[in-house]
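Structure, as structure tokens:
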Amino acid sequence: MNTVNTQNTDGDAGAPTPAGTGTPATRALGIVALLLMVATALFGLVFSADDIVQGSSVRIMYVHVPSIWVAYVAFVLTAVCSAVYLSGSSRSLSWDRVAGASAEIGVLFVAVSLVTGSLWGRLSWGTYWVWDARLTSTAFLFVTYVGYLAVRRLGGTHRQRARRSSVLALLAILEIPLVHFSVRLWRSLHQEASVATGGTDVELDGLMLFSLFLGVVSFTAVFVWLVLHRHRTIVLEDTMADRGLDEAIDRRRAEAGVA
Amino acid sequence: MTLGVTATARIVAGKDLAVEARSRVLTNQVAPFAAIVMVMFAFALDNDGILLRVAPGLVWLAVLFSLLVVVQRSFAVETADGALDALRVAGVDPAAIFLGKSVALMVQLLVLEALLAGLAVVLYGVTMGGAGFVQLCATMLVATVGLGFVGTLYGGLAAGARGRETLLPLLLLPVVAPVLIGATRATEAAFGSGGAEVSEGLPWLALLAAFAVIFGAVGSLAFGPLIDE
Amino acid sequence: MDRVVELEGVVAVVGRFPVLAGAHLSVERGEILVLQGPNGAGKTSLLRVCAGLLPVERGTARVLGMDVRTERERIRTRVGLLGHGNGLYLELSAARNIAFWGAMAGASRAEVDRAMEMMGVSGRLADVPAARLSAGQRRRCALASLVVRRAELWLLDEPHAGLDATGRDELDTVLRSAAAAGATVVLASHERERAAGLATRTVTVDGGLVKEES
Amino acid sequence: MDRVVELEGVVAVVGRFPVLAGAHLSVERGEILVLQGPNGAGKTSLLRVCAGLLPVERGTARVLGMDVRTERERIRTRVGLLGHGNGLYLELSAARNIAFWGAMAGASRAEVDRAMEMMGVSGRLADVPAARLSAGQRRRCALASLVVRRAELWLLDEPHAGLDATGRDELDTVLRSAAAAGATVVLASHERERAAGLATRTVTVDGGLVKEES
Amino acid sequence: MTLGVTATARIVAGKDLAVEARSRVLTNQVAPFAAIVMVMFAFALDNDGILLRVAPGLVWLAVLFSLLVVVQRSFAVETADGALDALRVAGVDPAAIFLGKSVALMVQLLVLEALLAGLAVVLYGVTMGGAGFVQLCATMLVATVGLGFVGTLYGGLAAGARGRETLLPLLLLPVVAPVLIGATRATEAAFGSGGAEVSEGLPWLALLAAFAVIFGAVGSLAFGPLIDE
């Protein structure tokens, strides 16, 4: 995304069209995110030690785990924005646009997690995929949000889109606890929640834990950066659609011989 | 509105069941179909002892299929002559429509499930103790409530614009899958398939109940916005 | 309070097509307003906007003093719509259908019977499944279901289509007495003469706009 | 040869109900016959008997000189029916629908285009899915699909319903010129004045019987 | 009629496929449903080694489900706005309607089967030799022709007179069952499930072919009277 500077376009359609989606603030954030990613790569690949059992393959964790967690955050953000939109206290379409942007990036991160997870699976279980509860439920989570994005693209007016997708977002968020607890529910092959609950069966040494933490921070920064830009492109898309509608209205009026 | 939600829901459910009583789609089309699926598997897998192992899965698979057919039918009835529009304009509480249609759907599904479970006993030689039987009934009840809510909710969404109906499975299936898995496991426990204990089914029952409660609540609130585009 | 319908620059969109392209209209209490205009002009769309079935994309639409965007539910309990479809459950009998809509409107058994009588679908017809009724008989059922609602604003999309000569007269009587009792009627019609006899005012819809005439 | 329709004591049954109860009717070539009568009289049923869609229980029905019981298939290739429904595939565009029915009738591309032009569904409308069209536009598509058939006997069930003022006039022109070219037209209608202007003869259907008038 | 049966049938099939291309019911509803059936079974039975054994049955079960949905859809399109009446009045040869609609149905089923077989290979780890693959293709082709004919006949019956549909499943299901069992056995042979040999599938193939021929012939003759009550 290029960053020719103009004014902020947050808000409803009709604002003058900027030539890009960047602002000084987002550019600064972009640079910070980039540096954090570099740091994560260094810590993950160089500084942290091999695992006793898994060897070097444990390094996949620094991508796999942060990306799914950031995806969770993204979907929660989507749900919160949707709830705000639906609650009626603020009927601004911005809430819906943020929800949409966040879900899109969230889907991206789930995809990353699925891919890294199955690569890791190849290394530690000997197969890319098993019909395990965590894996299956993660796949369902992915499909659910692909469905959400499809609903957003159904057409109709911006408000129709906002209303339909908000309801779905609130339903879809329920899948996250299912994914999280699936390990316990289905006596799964997959790693139990251990970091998040501070369990003791997996011992992460200090540096590993720090690398993981760094990964989470840097992925979050990337997420925020992407959502800001994506939100702005959605604003632009909506503006474009509104202009198309203006032309269509003129053509429609012409049917009656009115200029 | 002069009527309360419950009263309205009861009228809606009564109407849906009256339509089914007249058209007999469930008894004459869905049920025989589901039965043939069971029979076919009995044929195909008879000698292997696999039958008992897959019986619960088959029962619920047949239920899932029937759910899709019945939901489709339930909303085809509403859209055939513009009745859903009429309901919306009549200012009928969407929550009442949702509850009424869900209940009608559940009743139909329960009838079907009873039939299928009976068939499983007859065809596959499933044997159950008293505890197993009670658990089977509980599972069916709870799972059906969940399926009825979910089916009605997404059926309503799909009943709107035309292009939208293609979304139904995409939306419905990831949501329904946990119910089916849960129900299958609970039924396995009830049937004792693969040496499962009856008590193993209890957590699944809890999961199903949670599902039913959540979708009942969300559906009552969300049905209005969804059918009202 | 006396402006029952107020549309200001209403744009409504189906798919990506603007079925209404900035329509203005205002209807007073007690009027019988006829919408005329060519096929595809937007008459049906206009009625659906008033009933809150078609969302308003731009402009404002107020019905019975309330904004359709925000108070749709309250508006609807006071509005009755007869669309191109009849809103019947084809498997159920005429009586069962009308009773259903009657129950939804909180009408009493007697009111339902009276409406059926009024639209000529009592007696033998009451027990025939709607799917078996003739086209005009189905239309009569739909009208009876509407009559039991006692709406304040009647929105009717070609209500005469399919009715026989007596049915048309009966309908006109019903509409006139509803208007006399303080209700407001907006109907789309292609039958010039009949509409002219019924209307207190006629407007032409074309190209998604309303052209006021007198 | 010149008796295009000849019904003698035709009884037709739907469910257990005799929708026609011994109807007599004869129609000559070139006539434009209008069927009037109250809702549920049996007009639609009569048209369906003539098209061979409703079996004759008692009596005889001859169409184009052939018995509908035995030579239904041959009769059908020479008859065109417009029912209460439009016979459109709602997912397909207007153009695709009319082209389909044109192909079924062996009409050429040019004939199809001419019919679409004639009924005003060319241009922008041609590519809109039938489901999105307005009620009148769908009726126009159905009429265009009928026009391409070049039938010898046109059976029309309330063909004017839903059409706008110009559409009605266009339809009348089409029917008059078809009759002038030797086709026969039988149509059911509830619009007295319009029907009177079009008809060469009018009969009243009631209680499943035809009452000849002049 | 100015057109021959083949030409008419082609137009009818083209129309049906155009409707499908517009509405995408197969690709967006039926196929995902069938896929989810396969995935769910994979999930439920993964660890038991049963999977490979039941794979062929599952493929054909999913096909049967889909057949019903697609047939229903195929005739819903005809009856929604009175098009079937219009076809009858237009004097279109019923045999041509039957053939056209059957062909459209077969095309859709074949697409679906290819997808399902692909899924079986990916999800269940089915392996096939060259001979197995050829036989799988042959089985699909022949079974699909039979199912297409039977399905269209079924749909015509259901679209016809009202009271009659109650008899339908009873008439139809005993007929479909052998096709499915035959197809399952032939596919088992092709997949080598349970140690079956490729050559074991040949008699089943012959049975399927006989079915296809019989139902094609019966359907062409009987379709007219069926839809014409």
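Note that the chains are named A, B, C, D and E in the order they appear, and that numbering of residues resets to 1 at the start of each chain.
Convention: a contact is a pair of C-beta atoms (placed from the backbone, for glycine too) under 8 Å apart; a residue touches a chain by one contact, two chains touch by 3 or more.
The structure presented is a predicted model; accordingly, all values stated were derived computationally and were not measured.
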Starting at chain C, what is the smallest number of hops through touching chains needed to reach chain E? 2
Of all chains present, which has the mean Cα position farthest from that of chain E? C
If you average the C-alpha positions per chain, which one ends up nearest the average over all of them? B
Longest centre-to-centre distance from chain B, chain (CA-based): D
CA centre of chain B versus CA centre of chain D: separation in Å? 45
Chain A to chain C: how many Å between their CA centres? 47
Between chain D and chain E, what is the gap in Å from one C-alpha centre to the other? 37
Calculate how many whole Å lie between the centre of chain B and the centre of chain E, each centre taken as the average of the chain's C-alpha atoms. 26
Residues of chain B that touch at least two other chains are 162, 167, 170, 173, 177, 229
Where in chain A do residues touch two or more of the other chains? 155-156, 160
Out of chain C, which residues touch more than one other chain, so two or more? 15, 17, 40-41, 55, 84
Within their complex, state which residues of chain A touch chain C. 155-157, 159-160, 244-245, 248-249, 252-258
Enumerate the contact residues on chain E facing chain B in the complex. 23-25, 27-29, 32-33, 36-37, 40-41, 43-45, 48, 50, 53-54, 57, 61, 64-65, 68-69, 76, 158, 165-166, 168-170, 173, 176-177, 180-181, 184, 194
So in the complex, the part of chain C that touches chain B is made up of which residues? 51-53, 55, 72-81, 83-92, 96, 100-101, 103-106, 129-130, 145, 149
Could you please specify the touching residues of chain A with respect to chain B in the complex? 86, 137, 140-141, 143-144, 146-147, 150-151, 154-156, 160, 163-164, 166-168, 170-171, 174-175, 178, 185
In the complex, the residues of chain E that touch chain D are 1-3, 8, 11, 15, 18-19, 22-23, 77, 80-83, 85-92, 228-229
